[in-house]
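Each of the next two complexes has chain A plus one more chain, namely chain B in the first and chain C in the second.
After this line comes the complex of A and B, so read on.
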């Protein structure tokens, strides 16, 4: 497996893992993100407000989930000089704060012509459900 | 000789997948020890690519590739195996409100098999529709093991299959390369063509198989520091 210290297009291998990385997402973190992004709406602030909108409780903004996943990729790329050129996600279930999330991914294929690597990435719940799934493309400079 | 096939997968031909078939096959080759599947069936959403020819990739990786379709009906999503020109003339596969009973009966009459998939899933599964409408007739099998299922969905599917006497299949429903082959169906017979697959689906001589790794408990969590706004 390649590691971030000597990560190059040549050393990256199909099957290389990103993570798994576990962390606890707090309600305060979600509120801070919502406030910063001008998304101060009930579903991102408190359980009661979210339930009034028909949700099971306070949820995480989709672009925060995307940002969390992008950190998985940029942490993997480290200081290699590689940069994320594309990310795409599908939101399958709400990401609820006050839970432990697992971030994981795998390098799935490489494109020699443009020196990019494609990877699968996802956020998993404590029960193992994939809440958000996606793919990312990372470009490696010469 | 038995055959194990992932009966439900989506390549980049489906609008919600970016997985190239070549990457799927390469992944299965790399993970052969964990996911010993002999082949995959591409069940692209609402379409059937009659002209796609995957023989070169099959030969290169030594993995069987068959084509089917996942259509959308008034009873949820249905996998159609053994698609023919007659079927694509009879039904507009892009129509998201196809009549399920007609699909099941007409596909059977034209020599194929229609299998409702992820029946335990809300909105797009059979269970929810059975709670409101009469059950479908002539259903041979349903998908009881789906790699994309949330907690409880497969359990509901198994209950439905047992209650109705349906045969059971499994498939990954993969939209990501690394998820291919995690759920599959093991057939007693050898399968080399789509005709073989249709024949065996009618026989009932198969069972779903689960290759998903056993999940380890999530360890003690470490809060991530963020600057308060």
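After this line comes the complex of A and C, so read on.
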């Protein structure tokens, strides 16, 4: 985790990278998320249950993909006090557990008037496909 | 082709959920499930000295609140298969242990789109999360995709 405590609106630059961070997503971790978040349904629990729903195998809840991407941004913000104020995600392809995901992004805009920075963020598969894409807006305190 | 739906549906709030209490244990379990180790979310002492003056839930905790069963009876379905296509979230204020969150949801928009894989109908549901003090903590737009 990059705990960039010295991160401020002034030091952030367009093009700054978030990650890349490699993350091995296990089936147990997906089950833990499903259990904690009340999403205990076959497609998020095991391959067999998922196949009965017409899926190729167990998949990750979209909300969990959002949480993983959100963590990329909050890791970047560290304990600087910068707060995620907006985030959008598009689930392009299913995220299957038992794979290593790469999380990354970069700063695309800075807005002086409200001290925010915008970034593109995404989850990439081992094959290099962008499974989940998104944007986030982070606000920096004075 | 345009999608058929009752325009009176848009913006109508069918129910407000009962307040859902947020405990420190729940936030800790959520953090564990996503391998969250940032002390502002996990360590009470460090969080107290940090930017939010105490532990707050990671922002993505906001999307874990769910609509009541009743709500979905009013949402039109198109076709057999429905998928979560994505979310747009506005995080207005942090969610803290001890909060009680209510959810108000309404259909924001319904539209059809034709992609490489054929026709899709998107139903956008906007949920507004309010805490026990009446403060809005988040707006969550859920994009549900249906294949007719």
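Some observations on this one:
The rule is short, and it goes like this: the second predicted complex is superposed on the first by the 139 of 142 C-alpha atoms of A that agree within 3 Å, B and C clash if a C-alpha of one lies under 4 Å from a C-alpha of the other, contacts with A are read in each partner's own complex, and residues count from 1 in each chain.
Note that a contact is a pair of C-beta atoms (placed from the backbone, for glycine too) under 8 Å apart; a residue touches a chain by one contact, two chains touch by 3 or more.
Only a predicted model underlies this, so the values are computations on that prediction, with no experimental measurement involved.
By the touch criterion defined above, A:56 reaches neither chain B nor chain C.
After overlaying the two complexes on the shared chain, residue contacts for A:141 are found with chain C alone; chain B is out of touch. Residue contacts after overlaying the shared chain place A:88 against chain B and chain C alike. In the superposition on chain A, contact of A:70 is made with chain C only, not with chain B.
In the overlay built on the shared chain, the residue A:118 is in contact with chain B alone; chain C does not reach it. By the touch criterion stated above, A:15 is placed in contact with chain B alone, chain C being left untouched.
In the superposition on chain A, contact of A:36 is made with both chain B and chain C. With the contact threshold set out at the top, residues 23, 29, 32-33, 35-36, 88, 90 of chain A are in contact with chain B in one structure and with chain C in the other.
Those residues of chain B lying in contact with chain A across their complex are 16, 18-20, 22-23, 26-27, 30, 148, 150-151, 175-179, 215, 218-219, 221-224, 226-229.
Note for the complex: chain A touches chain B at residues 14-15, 22-26, 28-29, 32-33, 35-36, 88, 90, 92-93, 100, 102, 106, 108-109, 118, 120, 122, 126-130, 133, 135.
Residues 1, 3, 23, 29, 32-33, 35-38, 54, 61-64, 66-68, 70-71, 74-75, 78-81, 83-91, 134, 141 of chain A are the ones that touch chain C when the two sit in their complex. On the side of chain C, the complex with chain A involves touching residues 26, 29-30, 32-41, 46, 50-51, 58-60, 63-64, 66, 81, 83-92, 94.
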